[in-house]
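Before any comments, here is the structure.
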């Protein structure tokens, strides 16, 4: 029993130290991310170069016919089927 | 010579035992498959949920133009071409 | 210093022998390729079997719409997205 | 005839030990869970199959010269397979939601309470006769609460290889059970009003932030917890390959073919540890029981932390998202979304739950590092 | 100059042994068969290339520290590569035709007579001076009759590693020669009327049947022949991944990238066994001769069994399909279809021949297991 | 508390050596070059990441039992990874332009002067106190001038493993710097009129020629320089798989998934050699300096050779294409094209430069073989 309680104590310390460390670590990471966010305003994402294509793409993607999808599936299946002999 | 005939006898026994075992094994497997077939009537394949698309697909797949296939080939080749440098 | 000059001499010999060998090797390869070129006239590339499809293909590949390309990208992305769980 | 006798002596029927039969049934059970119930099939199918193979009498799959022996010692004993899986998972993970709302890291931290409470519980089981878990055993078991398969396998292979099979099976089984285990706990700890809370839309995260993030995580781990760097390092390598945009070839391979190949081998290797001696004992029951407790406590801790956090936050926080802190990516986040929709059909919490969800992965890797550093060999 | 002397002493020209030159010509011959004649190029090309590399003087490809040495000992000596190939082949195999008509298994069984008759023949060759095949050697040679590359390599690596090169070359060469070897035998043993027989359309096979089938095969192998479980087990794992529908990622990788990678290495490793000492002797001639006999006897046994079966069957059976029982998937089935069409242009036997064809794979794996159990180390 | 002390004692902060910090900064520098500057990112990203990992205190990545230790000894020390990369590169390389104009091989030969001049220079550095390069070290350094990553890594792993990290970093860095290093040299050695020279269109090359070519190269290497057959052999295997047309499955896998997987591991393994002791010394500065010299001399030698060749040729030769002889495929060829267009906007030299470019790969593999044969272990 005595032995057990010693291990219990050890487990308890592990719990406290462990949870403390996890919280501390992730809290520091929060700070790091906030700093990162501030620094990153100097490095904005590159602006997409052309604007017009987007509308075109929208129109087009509406027009993708099931036949195209079927063709792709066939092509992929075909490619996969290209079997190896044992 | 005597030694050879002993090995021959061994090979003959291997042949009989081996072929017997192969036949026995695969015969039991026939029984197993037949049992499996009987049990499997309780687990029929799920019915495909929608019926209509099938006709559409048929019509469409007839309409898959060579241009689509060409485009797929191009896309695949393009993807593959994306080379690694040595 | 003496020792150094001995190594220098060795390096010099390496340079001469090495460059000599590289030139000799690749020069022989030039001869080999020329022989190969002469022999290969007996094994011309197979003539593409049908001629007509080429024009068709040209016409078609001009007709490959962006929608097809979009569909392919989607299909590929879809395929790639099919994620594994940790 | 002599040949027939030799042949009979070499059959499974003549050599079965009862434990082997039982373990094959366990293997079949895992296949059933994987295929019919959809429990983490990518891992549980190879694990279940490996369990069957390793228990075949005479065949010697896991003895010197056997296929599973090679797989286990080359890939799992060395830690290589779980680390490669982690690299692939890193290449699949988008940290955008977490970077946009970094306080969610606290939810991922809180949910790790499941790990440490289970460690305490595993030691407690020693009070029951039949249990004799060392602190290393208890730590390996506790990591089940991290809800992260490769982390659990990596830690168990270092701290308690004999328990590896049971721990991996428990970890993946409970991850599959997340949609069943979590909702009652989530509902018990929150009011209808709380579950209705809508959260502010997440800000846009730049490419630069996503690219620096894995490096920042790695550097912090180097500074504070080198013991976690194998796991965190490979994860961050995968994530950096994903976000940097210049090695898409490598990123795609890491998250597709490479992870698939390794997954097959990892599963078979884990299955090879499912021998009767190692699995058919009361300790396995203890592990399975503790695993369920670990998930429940982790879920509860996450939800409660979210409630606390909501009190101090100017932007509203729906406490349900705390449940996603256990990781189990992306299933826990989907469960949050589903439970949220039940209370408010216009409230899509999925993106908000992805933050704590990926935070949970980091949290459990950190917890694993702490355990390695403090009780490791 | 000294450097020139060292350089000359390190050239191939100064070090060639006549046997090495001969084996390089053999390697070139295999490349020719693979590329110009289309003989099983996926295997024979790497095997032929490996044969050239391993016979380069001075380079030491197959000595300690050489590339082929590592490949052979890591992948072939351990049995890992053939087993991974078998997993991939399992993931490519559709057992539907066999499940729909399970009696076709008897054709796959009959065709294995080629194996055991060859075993007898190999022992018989010992009567000729110069031959000295042990029972293990004879068994490894006999498996060529199984018309299954990975099975032959696996068995040879266990029973007769010295003969591995010759056995693998013979196995793949004869598999490529199936369209030439089989038709005359098929025609000699059947009447025009028999070849015209049309067979009943195969019934639909459910997903459930296909999924349980590999497990049933595995369980039977466990019960009756554990020695065959490495081969059958990995094959069934691949097939289960294919049919279960929940791990398509893994199944696709197993039958594409993974099998391709392993095929390159397997071929190079087999080629590394094509040294002059091991290949340039009368035993190799014996092996090549026996291989041809094995295929012929297997084909004949399959056809004759189909005729017997047809006598006792209420549904008609075209005896040609028996020839597909040797396996050599899918080429033997295609040959059946072609020979059938010659007699009856409306009679497509392909699907009917796929049943005995895949049955032949199981049959030869079982035969390999019997040989391992009875004459194995 | 004792636990806190143990935990603190296990942190990186408590264990950092200054050299480790410096090497991590080197690793970060490589990541910066790879990501922000696009310097050979496929290799430099994993190398930089590996450099960071290997220098983490306590974590032991490169000690027995560590991930990088396994990767290095399994893949780089054995030479397997660079050889597999070479196979993949072979499968990507089209020798058509070279076969059409074989004299371009002389440009690939001339550019190797960069290697041997550097060897001389490396020995010369020994005159400066602090440098102590053996002939083996000097040879390994010199190969940087070959502008071929896998060749450099392969040779360095055999001749000077301690310098491997610095050599690989230098090789890939300078390959990335080709667009900056080469143009001034090219312009200094040619007149405006020479740069304007248009070359005759290349003839059509048949499939047969492309297929026999790798075999011819291999046979010549076997005859004259077996020491180069590991590199040349695997390269030719890849190229044969590409051109033979019957094993596209294998060729595609070799140049995609397999090379990607190996690239990740190769980079990490190379990075593991970037320890403070091995890298932070004056020898590394020497290596970096010599590398720049090597590239410059190689470029100059190629251009001068092209001028000589042009004098004796009936078809005109633009001397710029000689610069592509250093290899660095395909970047050097692109640089040639770009510099050519500056003088003559209608003169596309890309295809003409591909000949010397791939010739340079062969040339440096041959040079590596000579060095292995003469100063190798």
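The chains carry the letters A, B, C, D, E and F, assigned in the order they are written, with residues numbered from 1 in each.
The rule is short, and it goes like this: a contact is a pair of C-beta atoms (placed from the backbone, for glycine too) under 8 Å apart; a residue touches a chain by one contact, two chains touch by 3 or more.
A quick note: this is a predicted structure, and the numbers were derived from the prediction, not measured.
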### Task
Note down the smallest number of touching-chain steps it takes to go from chain A to chain D.
1
### Interchain contact steps from chain B to chain D (minimum; 1 if touching)
1
### Task
Same or different, please, for the chain D to chain F contact, judged on whether over half of the interface numbers appear on both copies.
different
### Task
If we define chain centres by averaging CA atoms, which chain lands farthest from chain B? Would you check?
F
### Task
Overlay chain D and chain E by their C-alpha atoms and let me know the rotation angle in degrees, rounded to the nearest 5.
120
### Task
Could you please state the distance in Å, as a whole number, between where the Cα atoms of chain A are centred and where those of chain C are centred?
36
### Task
Please work out the Cα centroid separation of chain A and chain F, and write it as a whole number of Å.
34
### Query
Residues of chain E touching 2+ other chains?
3, 7, 42, 224-225, 249, 252, 256-257, 260, 263, 370, 374
### Query
In chain B, what residues contact two or more other chains?
14, 17, 21, 68, 72, 84
### Task
Would you pull the chain B residues touching chain D in the complex into a rising list?
13-14, 17, 21, 82, 84
## Note on the structure
In the complex, chain D touches chain B at residues 1, 3-4, 7, 248-249
### Summary
chain E contacts chain F in the complex at 3, 6-7, 10-13, 15, 24, 28, 31, 34-35, 38, 41-42, 45-46, 49, 52-53, 56-59, 61, 65-67, 70, 256-257, 260-261, 263-264
### List of chain C residues in touch with chain F within their complex
4, 7-8, 10-12, 14-15, 17-19, 21-23, 25-30, 32-34, 36-37, 40, 43-45
#### Entry: Residues of chain E defined as touching chain B within the complex
98-99, 102-103, 105-106, 108-110, 112-113, 115-117, 119-120, 123-124, 126-127, 135, 138-139, 206-209, 212-213, 216-217, 220, 224-225, 359, 362-363, 366-367, 370-371, 374-375
